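Think of it as A, B, C, D and E in the order they're written, each chain with its own count starting at 1.
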Amino acid sequence: MSSEYQTLTKNGLWENNPALVQLLGLCPLLAVTGTVTNALGLGIATMLVLIGSNVTVSLVRNFVPKEIRIPVFVIVIATFVTLVELLMNAFTYGLYMALGIFIPLIVTNCAIIGRAEAYASKNPWPQAAFDGFMMGLGFACVLVALGAMRELLGQGTLFDGAEMLLGEWARELRIQIVQFDYPLLLAILPPGAFIGMGFLIAGKNWLDGRRLQKAQQSPVVKAQRARVTTVN
Amino acid sequence: MLKTMQKNGVILGTFAVLATTLIIIAQLLTADRIEAQQRQELMRTLNTLIPATLHDNDLYSDCVLLQRPDILGLAEQPVYRARIEGVPSALAIRTTAPDGYSGQIHMLVALTPQGVVKGVRVLQHRETPGLGDKIEVERHPWILSFDGQRMRSENDARWTVRRDGGMFDQFTGATITPRAVVNAVARTTWFAQSEMDALFSAPSNCLGDPEQWFEDQS
Amino acid sequence: MSFFIASSPHHHMRRNTADLMRLVLLAMVPGVLAQWYFFGWGVILQIALAISVALAAEALCLLARNREASSGLRDYTAVVTAALLAISIPPLAPWWVIVIGTLFSIVIVKHLFGGVGHNIFNPAMAGYVLLLISFPAQMTSWLPPVTIAHELPGFWDSVRLLLFGFTGDGYSLEQIRHVDTGAMLDAVVMATPLDHIKTELAQGFTLSEAKGAVIFQGVAGSGWQWVNLAYLAGGLYLLKQRVISWHIPGALLGTLAVFALLGAVFAPDQLPNVDIHLFSGATMLAAFFIATDPVSAATSTRGKLIYAALIGLLIYVIRTWGGYPDAVAFAVLLANLCVPVIDQYTKPTAYGHHEERS
Amino acid sequence: MSQVQKYNGQDADIQLWTFPGGIHPPERKAPANQEPIRRFPLADEFIIPLRQHIGALSEVQVSVGDHVRKGDLLSAPGIEHGLPVHAPTSGEIIEIGEFPLNHPSGLSGPGIRLRSDHEDTWGQRHPLPDYRNQSHLTVLEHLQRMGIAGLGGAGFPTARKVAGARGIDCLIINGAECEPYIAADDRLMREHAAEIVRGSLILQWMTHASSILIAIEDNKPEAIAAMREAVAQTREQLSAEQQSDFVLKVVVIPTKYPSGGERQLIQILTGKQVPAHGLPADIGILMHNTGTAWAICRAIEHGEPLLERVVTLTGESIGSPCTAWVPLGTPVQHVLAHVDFTPEAQQRVIIGGPMMGFTLPHLQVPVIKTTNCILAPTRKELPPAGQEMPCIRCGACADVCPASLLPQQLYWLANAQDYDGLKAHHLADCIECGACAYVCPSEIPLVQYYRQAKAEMREQAIEHHKAEIARQRFEARQARLEREKEERLERHAQAAKAREEALAARKQQAEQRSASGTTDDAMPDANSDPVASAVARAKARKAEREAARNEESSAVTGTDTVQAQDPKKAAVAAAVARAKARKEAQAAAQKDTETNTEASTPEDKKKAAVAAAVARAKARKAAKQKDEDS
Amino acid sequence: MSWVLGIIALSVLALVAGLILGFAAIRFRVEGDPIVEQIDQILPQTQCGQCGYPGCRPYAQAIADGDEINKCPPGGQATIDRLADLLGREAKPLDAAHGAEDVKKVAVIREDECIGCTKCIQACPVDAIIGATRQMHTVIADECTGCDLCVEPCPVDCIDMLPLPTKPERWTWNLEQIPVQNITDAAATTETSERGPA
């Protein structure tokens, strides 16, 4: 059982990371990662929707016929997105304004319906919830990493505007790392998001390649060969 | 076949009903808080321009909707009026510069009843980061250069950017953004100066969702 | 006796990539000299800095990619990229501008896409666009040409300006760029002719009013027209040497001229005429040196015509309605993006396949 | 040149077209085409490869020790229009075996070695001077028997080419000879113009073509003049009726490489393109090389098989460049010995021209029907390819491609081994003319990439075909096994049923018996008897087998002296023993090497190998010993 | 009131959609699983069993059911790449556990040693060996897939797997591999040839 959770963790955070490997949900990923705060906000929102939809889909998976599973998933996801949107509107108004259209766009984040279809619809709800959490976490991590990269290069800060997400006390979180006379505007602009994303993916592939190289040095175990023909 | 069709329809329908109900419940629960948030947000900006000492009325509801797209940039823009014991003390007009570098720039212009600018703030814009976004007070004090200014005539030559011979600086590398802002503020200020009394005497009529005015009409 | 094994053909025209690139560099010389005359030492310093950074970056990239560094460096492609970028930016832009631009061109645009021959975009132009949108202030700070400024910073002042931002006498670049025009205000900041026209027109002035400015001495802006003529001369040399074919420069300049002419006929007071479009900004440089970069251009003859015409059209459209006064870099990059499509649809019909097509 | 242009003026009624691309490399034909065609002394030995053409391999008709005369058949014509080979001179067959081929691969192939007796005596010749009174079939068979193949490029059997062509409207005699250096056709046309024209007339008679166009590049004015002269004379000789029957004309075409390519020349002369997967005959055109026309003429008029050809010997490593008549089968070594060949370091010897020729690894290969040139350039003259640089997509290759392909695209695809893409970009239409590689500024050996890709695609097609057959055979076998199994089960089931029935019957009988009360003792005995005997038989067989096995195992251990009753069985046992011993020896050797890995110097390895071999030999000896014993 | 309308509209919509989907699911059902056929087309049909399945087709079925695509040494990397292409999976290197890619080979029986046991005939998956009991056997070289399944059963170890010889007609233009023949010739001095760049 624990190994199942381990696999889920590894998949969500690294092996099958929705953003870095599956390249899902790029639209919000590239659009809102101008700052860490925005990235974190959208990451958490996506994670909540993922957990909710995964659990629901898992619970109803035995009642839903194959033909209508996609519409049902869409209804479930849309419901959760609307709920999250309402909650954000009510409790984190600043962030809600900053993220704008990208909260409703979570509906179309393929990572969510992808998990519903690939995992939640085949597994019991505790695992599905955990899978949603880990996938969401993986997505959020990439979002935050990209946000940090872009915010640092473009503004020289980190956690600018954290109060929008976490309340007034979080104003203190803002860190001015470098003071640029001329910040690299490209980092904040959409092309910067693409380039940054490219570097993140390249970095991951590089690490994987190195690990694979190490793994290949271990000796191989000969597999059993099947006899096509019987010898009698 | 008919049976499958019926079954599918019913299941899907059930999900739809459940989902809609859930959303409606959530909306009912959060509606008040959302409205309070919106109101609070607007008040925060209003209060930086019109401090609490300048009014004792409810700014949020003492509000008129103006239909002057030629001057204010959008079909409808609210004007919030501050009074102390019923005497007009200040005025905040929402206005929009339609000709920013990357589309509309939404602003709030506060004036004294005498027509002197108390302050200008940018509410929303999409100008180039690092260049045009110096119109935000958080990034550059440029927007404060309107404070205390007044227009002498409708085509006051000083109310232009320096490059055009006016008194407002432009930023290095960007002329269009400050020019758009200056022009919009000038139009609004002259409008307010010339119609000040009418603005204060009009009945309040803008209860509702202030968010709709943020809708970008570009 | 054993003999040397080789594959046919055993004969070669013997003009390799390095030869071509050397000719391109040679053809740039008149233009660079003109820029040096009108805008001072800055341009030479920028070129020197860019080339050294480019070669270092190229060598490191080749090493990192486990390629043989020496042959990669000897093909001169990095030098051409660096030189093109250096002559495109304001001569006295701070040193880090050209360094960032060159690094971006070589490392990201060229080598991350697979090195020579694999880059989708023109590296010099991609680097230029990065600089333009990242550092708009520095990238629009052109000096007035010597004909207006009367005096340009000398060699050492240029070095100091590049490195520290101040001349030996403590003047900043901003101060040097201001020219006393005797106007209402004390000074006016120098802009390029195209920039000037764009600003003036945007304010509702007519073209003739805009051209009345001090910067418009001659046809298309003092200094600028001569720089363009010098690049035209270099381009003609390349044509004569058969390094480039006439298709790209011809189609580019032709399209630009036709649209400029149409504009001038229909709105003579709002749209600049042919002379300004052809002899101002980076038009000639684009036509003969930038758009002709073989790697990022279309390959077939028909494809080249379409590609270059597209650049000409885009230059006109962006100059007229876009946000940037000179549009060469954006036009080239946008056309680069279209190259695969152009190539796909301009494939020549192979021998014996005519019937399949029809 | 002016002379040439004057000729062109006379030919104003022939409209010339052009093909896309093409290049103008330095021609350098002068050194070789100055002197008349030379003839060298005969070589001592000739190597005649059996396969000098496309088609089936022909069967050898002679055996070692036979004495043959010049022109004698050495191999049968073979099936599928295969061509026979003939003795190039008189002499003795000294070897039939594998010899290095005149082929870019440097591989060997079947051939015949002939020692010349330097007499050069002709054997029986069968001319066919009255061919016009013979049937076409007779003439075609004659040409096949004479071994006539295209002397231009691929060496396609001429009879097959002519027989396959129907509805020919235009016969083109290709004297373009567009590749630099080569002057074989040039000299042949100057010296044997009349024979070429007569050969063309024979082809015209066979195809009923309404026009014969003899195409010559304008850089060969003397050849043009000679051919014109011959055409004019022939016109005079022909009757008026025959003259009006068809057009006979020398066409001068502009010099451009590769205008001598079949498809390119057709485009120049007619403006038409041969369909991609078709033949020139599909658009009513047949093309033959001037040399082929000459060979046809000799074969018909004199009954001479194709025994020799004109070879250009040129390049700066050759002291006296020239053209020469070389008997087929003459080693290149022998030819070069007569033209002051002084090789430099890393000398290249190219068969063919500088654009499409291939290099030889050594000179012990024979001149064959398609060898039109032996080029030995110095490094200064034709420098070897420089270092390959990355493609910069300049498109120069596409500009010069005569087939309007996209060489740079093909290069990417070939590198990526995207064979579907290559097919879509018509790699098959590449004629490997080398124009693209000639102009490539990155000095990429493009043609080499294409050739490898083409070969790989051909391999894949073969492999796929083989896989398909293997699958069918596998499935057929599975089906067969399945069927057999079912049949076996069926048999078992039937047997079981029969047994059951028998049992039931017996039971019934017993019941009947018990019911009737009669007891018959003999009955059960009689019933059980066969069963018991069967069991006994099985037991006996088992014992026998056991004994055999014991025997075997004892043979393996090799300690006893079993007398095998059956010699065959003993042989089997011995073979098994041998195999086992070998296996053991191998295992031992392996073990040896394994244990020695730490100090596995080559010597150690060698030692181990020797030890293993010794062990193997010993085992074999022991086995043999046993064989003899038994 | 508006939310009641909302609920009704959405449920009706869902109901209709469900009905349509129910209809479509039955009406447009696709039968069969042609992907196995396509995979089988790509596999080399060596029938060697090195993948762990008895034959190429069973492996094709296994791949379609989700097994790894890198278990076929005779097909090598080329087959893996094409499978990856077909199935949209990642092309992995050949799984060393199943063997290494090798040159194409063909089985050859040393006929003087053959005892005619027919064991190899039974082992051959493509019936490429002919012979009868106590008669000499031989391999039809053209039909042999080089699976080497016949080698092990042979009691006298008389089957060799030999690399396919290169013929000029099937030479793949590998200039690096041109054999340098050391032909004894008085006139020629033998020296190792320096290979030009191919």
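Annotations
Rule of thumb we're sticking to: a residue touches a chain if its C-beta (ideal position, glycine included) is under 8 Å from a C-beta of that chain, and two chains touch if they have at least 3 such contacts.
Note that this is a predicted model, so its numbers are computed, not measured.
Minimum number of contact steps separating chain A from chain E: 1.
More inter-chain C-beta contacts link the pair C-D than the other of C-D and A-B.
Chain nearest the geometric middle of the protein is E, using mean C-alpha positions. Annotation: 41 Å between the Cα-based centres of chain A and chain C. Rounded to whole angstrom, the centroid-to-centroid distance between chain A and chain D, based on C-alpha atoms, equals 60 Å.
Distance between chain C and chain E, defined via averaged C-alpha coordinates, is recorded as 53 Å. Taking each chain's centre as the mean of its C-alpha atoms, chain D lies 27 Å from chain E. Of all residues in chain A, those that touch two or more other chains are 65, 67-68, 71, 75, 182, 185, 189.
Counting only residues that touch two or more partner chains, chain E has 14, 17-18, 21-22, 25, 47, 55, 125, 173, 175, 178, 180, 185, 187-188, 193-194, 196-198. Shared interface positions of chain C, i.e. residues touching 2 or more other chains, are given as 1-7, 133, 136-137. The residues of chain D lying in touch with chain C in their complex are 19-20, 23, 25, 106, 180, 263, 267, 273-278, 343, 346-350, 352, 354-363, 375, 377, 382-387, 389-395, 398-399, 402-406, 408-409, 425-426, 429, 432, 434, 437-443, 445, 447-448, 451. Interface residues of chain E facing chain A in the complex, by the touch rule stated above, are 14, 17-18, 21-22, 24-25, 47-55, 71, 95-98, 119, 122-125, 147, 149, 153.
For chain C in complex with chain D, the residues that touch the partner chain are 1-17, 19-20, 71, 75, 77, 115-118, 294-295, 297, 299-301, 304, 343, 347-356. Considering their complex, residues 100, 108, 112, 130, 133-138 of chain C touch chain A.
Within the complex formed with chain E, the residues of chain D that make contact are 100-101, 103-107, 109, 333, 337, 346, 348, 359, 361-364, 384-385, 387-388, 417, 445, 448, 451-452, 455-456, 458-459, 462-463, 466-471, 473-478, 568, 571-572, 575-576, 578-579, 582-583.
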